[in-house]
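The same chain A turns up in both complexes below, where it pairs with chain B and then with chain C.
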Partner chain A sequence: MNRRLLLGWAAAITLLGLMPAARAEEPPIRIGMSMPQTGGLAGGGKASLLGIEIWRDDINARGGLLGRKVELVVYDDKSSASETPAIYAKLLDIDKVDLLFAPYATVPTAPIMPLVKQRGLLLMGNFSFQVNSKVHHDMWFNNAPWGPADSWATGFLTLGQKAGGKTMALLSADQEFAQNLATTARDVAKKLDLNVVFDQAYPPSLAEFSSIVRAMNATKPDIVFVASYPPDSAAILRAVNEIGVGDNVRIFGGAMVGLQFAAVMENLGSLMNGVVNFNTWLPEPSMYFDGTKEFFETYSKRAVEAKVDPLGYYLAPYGYAMGQMVEAAANATKSLDQKGLAKYLHENTMQTIVGPITFAENGEWKESSTLEAQFRGVKDKNVDQFRSPGKQVILFPDRLKTGDLITPFEKARE
Partner chain B sequence: MFSIDLLRDAVVLGVLLGCFYAAVSIGLSISFGLLDVPQVAHPAFLVLASYGVYLLNDRYDIDPLLAGLMLAPLFFALGIITYRIYYETFERRGSDAAVRGIAFFFGVAFIIEVLIIVQFGVDQRSVTAPYIGKAWRFGDLRIPIRQLVAFAVAMGLTVLLAAYLSKTFMGRAIRAVAQDEEGLRLMGADPIRVKQVAFGIATAVVAVAGALLIVVAPVEPTLDRVYIGRTFCVVVMAGLGSISGTLIAAIILGVAESIVLTLFGASWAPAISFALLLGVLAVRPQGLLGR
Partner chain C sequence: MQRRSIAFWLGAVVFLAAMLAMTQLVRNEYPFFAGYVILQFVVLAVAWTILGGYAGYVNFGTNAFFGVGVYTAVLLVKAFGAPLPVQIATAAVVGSLLGLGVGLLTLRMRGIFFSIATIALAIIIETSITNFRFVGGAAGIQLQRPPVTAPFDSYVKMLFFVQALLVVIAVAITRGIQNSRIGRGLHALRDDELAAECTGVPTLRLKLLACVISGALMAAAGAPAAMYLQYANPDSAFNLNYSVSVLAMALIGGTAHWIGPVLGAILLGATQQLLAVTISSEVNVLVLGVMLVLFVVAAPKGVIGLVQRQPKRRGGSK
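Moving on, here comes the complex of A and B:
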């Protein structure tokens, strides 16, 4: 081997040795988002973020996305709609992030929709409700199982009608999210030919619901659809437990926010028995997909350290799934080009830990997977009971169903 | 839908609701009504007391009302310290103390809110007691027992405070400092010390009221914002510094709110307190039983 050849080999080996280092030095892929860390949405926001962080750690352990490490740039939006436009402008113009995830919930997300549409950016939504219905952004993908807008009310009211319900009471919080649901509930009731005998929107500052429950009982409804926020949900259930609703009520619940979170569930305990309410993931046999079990094993450990919802059923697996969808799109297109990613997300079904996800043209899930489940046999002050199947039996949709409705409501409460 | 039964239920539940409003407002009636201290942190102290009660109930299984009583001495000391800081930094420095004092107490409220979030997180908390979640039945009327507890506590607090303010030396001194601080000074008493004790008593009462707050409904760190308008409304409508007026104003408010909720629709309920306040002030600018 002559000297020149030897030098050539040495140079080649050195270069090869340097290549992984050079690759490791590639800048990370930065995903920017705001997330409610304080304020009314913080409980959900923190759990959602932990789900996304678990995905980040998993993908980084597997060598990163497109060979680059993934880094999250996260700001607290204080659960406020007024904070998010400035935060997302900063993420784009100063932090120069590569991709955007939306904050948890409708209210903080709505104000950033015009910004992302104007700049032609991909936005992965995070449990918003109908924020794209007027904006019509074609690069919006709502990571939430709602599907068509009326799916919440359809599932619940169909169950009520099958149980013999003919009249409906509607009690809703006087806030945007609950009012959107109330509107769809009225529409679905009309389609199903249900007579709405009580329809009240209560103010967010209301502390005591005994009077409202008494007034509602006077109208003798068969179905009671409630669209409420966490503090109200607890107060309503307490009032219902004390005042009662009568044997005429076939089904009670529907859209009570809060009954998905461990702290509220632990506090309310047996008061929830019989309530049929929406959820997004439950530890029922029909809800396990590739990676679901492993995700919750990791989540349970990290939730204790992070002091977030110890169950994390409602949001955390969807945070992970959001990362999985971006990962699938980036790997398939071998790029971070936002138009290319959006095209892939529109045209393909992604396999995730919450099941296969296909998007409709408007960026919502093509098929609703919003669960309506009935609380059964719940005891007081025991959060671990909710880790076992059977405490929240899935009644709707049919493809995920694990049991039948127990009715009337007063009997189901026993 | 109107019926006599519904109206009767609305009035009964309204009286009980009003007594709860009285219990959470009565401390403010002393600090703001009698002492003219712009205590906008009053609802934040209420929520703080609720979390203290939650801690004692959750960890040691202590009854919420007993826990509130146990916290009262601690809150008395907290009230004295808070007033002292307010006095040294604002009140003694001039006539615009009230305006600057509002900023001080808003700051205190935010600090309390953040401390609660850091310590307990953002989730709502509730307590357990034999009287929570049950109701007494009178014919077809069901009355939540927790509301009866609020009724009893409000009555007890009103009678005790009214007796204290009229029968004891310190109580009369507190009334005197509210009427003529300079006169009290000329009598050889220290008005600042008297106000300090009065503020301590007002804050100690908040500890008991905080127990009621978490007995009646679950609490979360930002709940103070819900009660700030309602408590000030009750105190101003009552007539500044009138303890019995506070009870009467709160019951009027509770009954009006309950009737509106039952018969006219929940959306109108928030407007009731301020509509009543404006109505009362138009007829009696000094409030129902004002000095």
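Moving on, here comes the complex of A and C:
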């Protein structure tokens, strides 16, 4: 009996001894988001999520954020705007997350902007385009290198003008992203005094572009700005390959979505040669910052297991950078107070794997880092070639430039 | 008033009172966000049943009517800053006119040809809206909600109650049709249109009426969605998912009685909401597909077919 009593006391004391440790173990910091994992935006959404997950694993390996583990609460929004309001209401009211990340792309993000503004919450954006222009939320930080709305077209059209371009053709898909860009391209063309000789929006389902390319060729443009989505980007390049665009075209491309994704790039191969197109990260010497190389080493391995884009240049490093920015703000303010974090993000430059990031008043990057790069020497059916520098030479912005434009377009295609 | 009618209206009052009480007592907003979507699908599924269930004309254009409702509201808000009741009422009128137009153009087709024509309708309207810059065009449009009206303390709670009101209106109309000469006429033309025509049933007029009412209700259900999302773009408003989900809800619930689509919408809508925040991956699409296949194989007459062991001799169960 005495021995039992002794054992009982020993167990009780041991338990009591453990209790302070248990109390000291703080609950994890929960970051909530929806992410397109099915539907049209799923390819990008999965790569972006993998980037965020790599940051979570890195920070947890380093002991967590403010000494607490980081946990992600992620739901699939099916790439649809109608799903996100309920998902974010659940994240806030049921899951009680500490911080919010926005889903990838503009459409799923747009409906949650009023919600976060109403509740005074910090929202880290994820590659949206001008989604805060009407809402004016002062705690919104768009994690995308777009910068000012017109910077995208400015980079491309300035390159074209410097190459001797005076007239412009504009070919755009009749969808949200492409039309936003087409609008800014028209404005920039006006500012640069470029004459728009061809302006054609085409339905998103269009698969055959030879007639449009012929009509465009008839106007003899010097600059061809294309704002297209992956299937049409491929179809346009095939039509151009068959018909050609003539020696008058100094520069071709601009905003062709799809030419950033490994599967499309592998598929199109040499058809992309000469095209000058936007991108967000490329394996060029000017693009490596502290931690960039290590990130892509990890990403390449995990992308195979996760079955996502094997290159992951377009979105994944920005997912990681989003975590880094929150980490910098939380460590500096030593708190998760959303107003404090927002103040820090507004007032400071954050060092990330995609370079230093400073936000403007409207929550967009102060300075654009949207790259305009020219495809060169691309061979068919080889995805690994894109891991080496020189395949996409950066022409714009000047501070990241790694080469000069080869013009005219027909010569650059050779 | 018949005893069943009294019970129905009593039930409707209790339902609305419960929804109103919920908006006043529950502080957490998530149930209202999720509940709004379920109620919206109840209205759509019930409206679909008028034409698809009673008349047997399978309409794949639910998204067209829903999207027209959304964009009518967007247009009214952008042009005049119209209040919510005006948005809904106007959407219903526009939806009914669209229903009339569609009916006149397509109701002479039958079976699969009618269904294909309704899909084409959705594509035509979506393309038109995509090119209508005033309502945002392809880029979409963000909307600002006006201040909320008492006794509600949040706009989502108010929209939830408005949608509950629309459910009662839609169910009452559908029930009224089911129990009237119109309903019996629609059943007759569903079973054999030629025989119905020969026996004096004004088939085209009845189909047109069904199309008008169904279109009005679907568009009315779409109108508050503009303010629910505070954003509208053609891709989301005219998403084919609305048509497919509503069809599945009606089939799973059963189309012979108004309660079928109500049950189907609650069952499938709730499952969709639950899966979105639990499984939350490609698997939830699979789960819904499997559910539909199981019901089609095991219960071709839906939930109400399972409940009603023997079919009633006379149409018009109350």
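The rule is simple: the second predicted complex is superposed on the first by the 390 of 414 C-alpha atoms of A that agree within 3 Å, B and C clash if a C-alpha of one lies under 4 Å from a C-alpha of the other, contacts with A are read in each partner's own complex, and residues count from 1 in each chain.
The rule is short, and it goes like this: a contact is a pair of C-beta atoms (placed from the backbone, for glycine too) under 8 Å apart; a residue touches a chain by one contact, two chains touch by 3 or more.
Treat the numbers as computed from the prediction; the structure is a model and nothing was measured.
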- Task: Check chain A with both chain B and chain C modelled on it and let me know: fit or clash.
- Result: fit
- With the C-alpha centre of chain A at the apex, what angle separates the C-alpha centres of chain B and chain C, reported to the nearest 10°? 50
- Message: Once chain A of both complexes is superposed, is A:Val135 in touch with chain B (first), chain C (second), both, or neither?
- Response: second
- Task: State whether A:Val74 touches chain B only (first), chain C only (second), both chains, or neither.
- Result: second
- Task: Return first, second, both or neither, reflecting whether A:Val264 touches chain B, chain C, both chains, or no partner chain.
- Result: first
- So, does A:Pro203 touch the first partner chain B, the second partner chain C, both, or neither? both
- Message: With both complexes overlaid on chain A, does A:Pro111 touch chain B (first), chain C (second), both or neither?
- Response: second
- Can A:Asp174 be said to touch chain B (first), chain C (second), both, or neither? both
- Task: Examine A:Ala47 and indicate which partner it touches, taking first as chain B and second as chain C; both and neither are also allowed.
- Result: neither
- Item | First, second, both or neither for A:Thr38, with chain B first and chain C second | both
- Message: For A:Ile94, using the defined touch cut-off, is the partner it touches chain B, chain C, both, or neither? Pick first, second, both or neither.
- Response: second
- Message: After superposing the two complexes on chain A, what is the shortest C-alpha distance between chain B and chain C, in Å?
- Response: 5
- Shared chain A contacts, counted only where both chain B and chain C touch the same residue: 38, 174, 201, 203
- So in the complex, which bits of chain A are touching chain C? 37-38, 74-76, 78, 80-83, 85-87, 89-90, 92-94, 106-107, 110-111, 113-114, 131, 134-135, 173-176, 178-180, 183, 201, 203
- Residue ranges of chain B touching chain A (in the complex, touch as defined): 1, 3, 5-6, 9-10, 13-14, 17, 20, 117, 121-126, 128, 132-135, 142, 144-145, 147, 216-218, 220, 222-223, 226, 229-230, 257-258, 261-263, 265-267, 269-270
- Residue ranges of chain A touching chain B (in the complex, touch as defined): 38-40, 42-43, 46, 174, 200-208, 210-212, 214-215, 218-219, 230-231, 234-235, 238-239, 241-244, 258, 261, 263-264, 267-268, 271, 307, 309, 380-381
- In the complex, chain C touches chain A at residues 28-30, 32-34, 36-37, 127, 130-131, 137-140, 142, 144-145, 156, 225, 228-231, 233, 235-236, 239, 241, 273, 276-277, 280-282, 284-285
